[in-house]
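Here come two complexes built around chain A, the first alongside chain B, the second alongside chain C.
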Partner chain A sequence: MIYQGKQKIWSEYQKEIPDDHWFYVRSCIRQSFFPASEAHFVKIVRDVLGKDLYETKHHTTCGGIAYHSDTIPQETAMTIVARQFALMKEAGYKNLVTSCITSFGNYTEILETWREYPELETRIREMLWKACRREFDKPEYVAHASDLVYKFRNDIAEKAKVRLVNHETGEPLRIVEHIGCHYSKMFPHKGVGGAEYPCVLSGMAESWGGQVIDYPERRHCCGFGFRQYMVKANRGYSVSNTHKKFESMEPYHPDAIITNCPGCPYFLDRWQYVISEQTGKTYGNDGFGIPVFTYEELAGLVLGYDPWDLGLQLHQVAAEPFLDKLGVAYDPEAKYLGINKEDLLKPALPRVLKCF
Partner chain B sequence: MEAARQLMRLGWEPVIVEKSDHLGGHVARWHKLFPDMMSASELVEHLAAGLDSATIYLKTRVAYMNKLKDGYSVMLSNGTGLQCRAVLIASGFSLFEAAKKEEYGYGVYDHVITNADLEAWFNGADDGRVPEAPRNIAFVHCVGSRDLKAGNPQCSKVCCMTAIKQAIELKELFPEAEIWCFYMDLRLFGKKYEDFYINAQKDYGVHFVRGRVSEVGEAIDGRVVLKAEDTLSGAPVKLKADLLVLMSGMLCNSDSASLAAMVRTEVDSDGFLRSRDNIYRINESRRPGVFFAGACTGTKTVPETVAEARAAALDIHNYLNGND
Partner chain C sequence: MDYFEELNKDYRFKEGFHTCINCGTCTAVCPAAEFYCYDPRKIVSIVQTRDNEKIEALLKSETIWYCGECMSCVTRCPRKNGPGLVIMALRNLSIRLGFFTESEKGRQIYPLTKALNSNVLNLGYCVHPSTFRFEDHPESGPVFQWALNNKEKVYARMGANYDRDGEGALRRVSREDLDELKAIFDVTGGTERMKQVEECSRKKAEQMGMSMEEYADYTYTHCSRGHFNGED
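== the complex of A and B ==
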């Protein structure tokens, strides 16, 4: 591997990311899968980095899931997106930051479509006005939330309580990065580092002390892929995609996976349980899996937040072996205690995949 | 070089202006030429031998050219001024920059090279990317050719045959190696080309897979991992190779456009220089006294370039004698 070759490509795919004043739109499914990730993104941006991040309760889905599942036409998704832009205009913001990768792809695709077909934008303006009497301005900048964390990765590193280093051996932890398909595969120049060798996540991992692994199936889909999973008959295809990735990364012995998509951490995490039940195989050490983190969770760990406040107990794959490598203190008894110490009840443990 | 040789034979005094430190262009850096496996250096030496008394400026560029009443005033980068009655542009081509096809990993993975790198290695250059005893070698055809996304829709014409030639040369060096050529179409239009292709299969056992390589990665042992589709069997293909050779296509030399601008002739929609027509006046520009030869007007093989050089020399001879 020629690292300088990647650096040369990265230099061609750097996007302008404004410093401050962001209108934040949350993800539909991340709030169910990894609710603490968004909460900690807001906390890190506002409290640690001291930036202005605004959100409104009137924000809705962007329509991306329905659009990619062929249940609504693109014009409908465009009108929904136009309403989000109207909310942003009403709040006085010009920089949009999305939590969801599919939303980021959806917003980007719609803006590019309007750029090429301005008559369509005019039609959507009319439809929005008829539907809810709102008007919108297009955002000056659209970023994914991981772009912001990438931009401020070195500020986070300066404030880090732990680094991505094995605290016993001093060796950097081996990190697999996996970007969501809708981040830069549709529009490579809209993602930091492009589509083939993205550096939005690898840049974070390296800044925080980790060693990034490149492996043959790095670009392969996590297995979500909308129709692979949403059409029930295709779910075998979904898990086979994930299986292919784990077989490919296994020889590199990764310590963790970092992701920036709603679907990827969920499927890379949950399918490890399914693969272990189907084949008896696990990919971590001693019967554990490879923990899969959102970039907010990893940033939170680096900044010293409590693992259970970060929601790591909601992962199928146990995070404890990774926490032990980091040297992060945690209370095993508090794992399944929710807000106000409410007992969340311990889930049944899998037959093969080792968990706590 | 060939046009100058012919013009000298016809009694004229050509001046060759070459930007590099040697004559012969890409051919001078090539090893063997298809389909006869003729030595490229022998051809260049043969052409150069006829130019002993010619005026040649190496490491020199054309600074500007101005139209005179009866010819052109040419100022060179070394300060020399020339009064020429005709100008022959033979600025050739550039190779497509393979790193632009990021998915193939040129400049990123350890064992990915281009057709030009391989020719340099055949000629004795050290290249750590070529393993000592490769067992699997893959070629990807049409890298930056017939590729709208790369901004280069035209066929580069020579890559299919060059890949076959290079595969044969590698097979002769490494008889135990398996060689795989991934192609869109095989365009084997010239004399002996089809025979050459059949020999590559029958006598050398080169494998031809009809399908594009979608991406290249690197395995833990440093080998390159190719993913492709075999469109004839309708199946995805995955191959671990010790060496991957990218057949970089031809682009018009970027200097050609500035030369064209100096003499106010046109660049065609494909980026190459525009001939008077593409049927029987390919050597002629739309400006009086300005002629073309070789790959500055489009992708060409070596025999085509040599033939065009002779044709251009005759056109210039007729023009100078007032017989056009």
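== the complex of A and C ==
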């Protein structure tokens, strides 16, 4: 498509995301902390949107967390990714979709580096052959899983059972979005809206009826920092950055936060718990926190899936106040039950943060 | 050894280091600089001097380990530098030369390597519930303590394929696939890096009068005063 004038300028912030046929790679953190989000992404893409999403059991981590914690050399990270590309080639796919923002950044960084330094790509091809006897083609397109949900946000809205609206007042719910640093800070042209106008999440929230709320530290990091969380001695960095964000968003009274990266919802959720234990402060109403959702969870709620099938019981910040605003029906007694309603007992309650 | 030339062999350095105008934008947006005694502008400035002695001091310092690699600096640098990429190259060289054991934050590479690389090589993923101990992660909250106590059942309820063959979240990665990851580590320098970290850390543990278990625990948990802004 040829763009002119303002359209041309704006086109630099757009991504033309392919319509179908995706090779899916999972996330270390999302599958560990939000496994139901991955399950529902697959379900929504395949069953609701009717798209072809392929997964092979042979794929692995991209090595991104190790790479950004500096425990593996760049060549190791690149060759692990080259193996994923080889698996994709063997399966006959050309579009890669990652469940993780750090993976998305890692794949993008690798492809961009090879474009600039083709001799490095040649060396990685040799290393992959030596190690695994595999050959790869570079993907034609790399997407983050949220790009697909963004692309089909209006299709999801058409099938919505509920909208992001307070069912009692009819007012749009106030949604804060958190993009995640590695989505578009390193390679802005690879993210929807770039680094300046990222709209991958705000587009979803608005399409589903919510009102997106701006606040001063909207683009600040959640505080993961790889080694700054992975090492116990460094976690002051991590919680301090989350604290900064919550202090900044508090006056805007968000009803919920929607996140892009697998790590961010974990940190924004759990550090609210830690801040409440350490200082007695909570950021929601009546002693609750501000619920933090993955985009899959929010899409799932909009489509009418059961909140406990979506895994909302694995959040430390209670989701119920948000569910009540939405008017979503749920069974409080079923929250911590296993398959076939098996009694798994209940978690202990936090000292300060109100929970069920 | 000419440290600047060594850094210049690293593709991240080639991409992340051009001419720094010392404007300090990177420091202004940096989440690490807000809390740690950390100033990426100064680090890039020191590297830019090409002064071997000063760069060696940097390679042995605490300061190169404060960055969280969020890469917020990459977006904002008006000269298209990437201080975060320069940091990655400095850390890489510090590990290669064994200088990382000279600083408290550098020594953390030992427990990090042990945890992350073992997970990759044994489970196929960097992070995994089977090695995520609640004692190490009290911040994960009582809800995750409950989840870890009921791992198989909770993950089954969440639609995962925990520790089983086939596709899906948290599936068991086969021996053959893990062997391929090990071969990749062997061929690309990953295994050599692990040996280097192990050997240097062993020497440091001896100097500090600790067993390797004590050293791993100490480097994972100990935080001296003075790392954060406003501390003595």
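The rule is short, and it goes like this: the second predicted complex is superposed on the first by the 344 of 356 C-alpha atoms of A that agree within 3 Å, B and C clash if a C-alpha of one lies under 4 Å from a C-alpha of the other, contacts with A are read in each partner's own complex, and residues count from 1 in each chain.
We adopt the following convention: a contact is a pair of C-beta atoms (placed from the backbone, for glycine too) under 8 Å apart; a residue touches a chain by one contact, two chains touch by 3 or more.
In this text the structure is predicted, and so the values were computed from the model without any measurement.
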Fill in: Partner chain in contact with A:Pro216 - chain B first, chain C second, else both or neither
first
Discussion item. With both complexes overlaid on chain A, does A:Lys335 touch chain B (first), chain C (second), both or neither?
Written reply: neither
Worksheet entry | Partner chain in contact with A:Tyr197 - chain B first, chain C second, else both or neither | first
Practice prompt. With the two complexes superposed on chain A, say which partner A:Ile9 touches: chain B (first), chain C (second), both, or neither.
Written response: first
Worksheet item: Can A:Pro350 be said to touch chain B (first), chain C (second), both, or neither?
Response: second
Worksheet item: For A:Lys89, is the partner it touches chain B (first), chain C (second), both, or none of the two (neither)?
Response: neither
Worksheet item: If you count the residues of chain A that each partner touches, which comes out higher, chain B or chain C?
Response: C
Discussion item. Contacts for A:Tyr252 in the overlay, against chain B (first) and chain C (second): which applies, first, second, both or neither?
Written reply: first
Discussion item. Quick check on my understanding: which residues of chain A belong to both its chain B contact set and its chain C contact set?
Written reply: 195, 219
Item to complete: In the complex, go through chain A and note every residue touching chain C.
Response: 26, 28-29, 31-33, 35-36, 38-40, 55-58, 60-61, 63-66, 68-76, 78-80, 83, 105, 113, 116-117, 120, 127-128, 130-132, 181-182, 184-186, 188, 195, 219-221, 223-228, 230-237, 239-241, 244, 270-271, 273-274, 309, 311, 313-316, 336-339, 342, 344-350, 355
Worksheet entry | List of chain A residues in touch with chain B within their complex | 1-2, 5-6, 8-9, 194-197, 214-219, 251-252
Worksheet item: Okay, in this complex, where on chain C does chain A touch?
Response: 10-12, 14-15, 31-32, 34-36, 65-72, 74-75, 82, 88, 91-92, 95, 105, 108-109, 111-113, 115-117, 120, 124-129, 132, 136, 139-147, 150, 153-160, 165-171, 173-174, 177, 180-181, 183-190, 193, 197, 219-223, 228
Response to the item:
In their shared complex, chain A is touched by residues of chain B numbered 99, 102-103, 105-110, 215, 217-220, 225
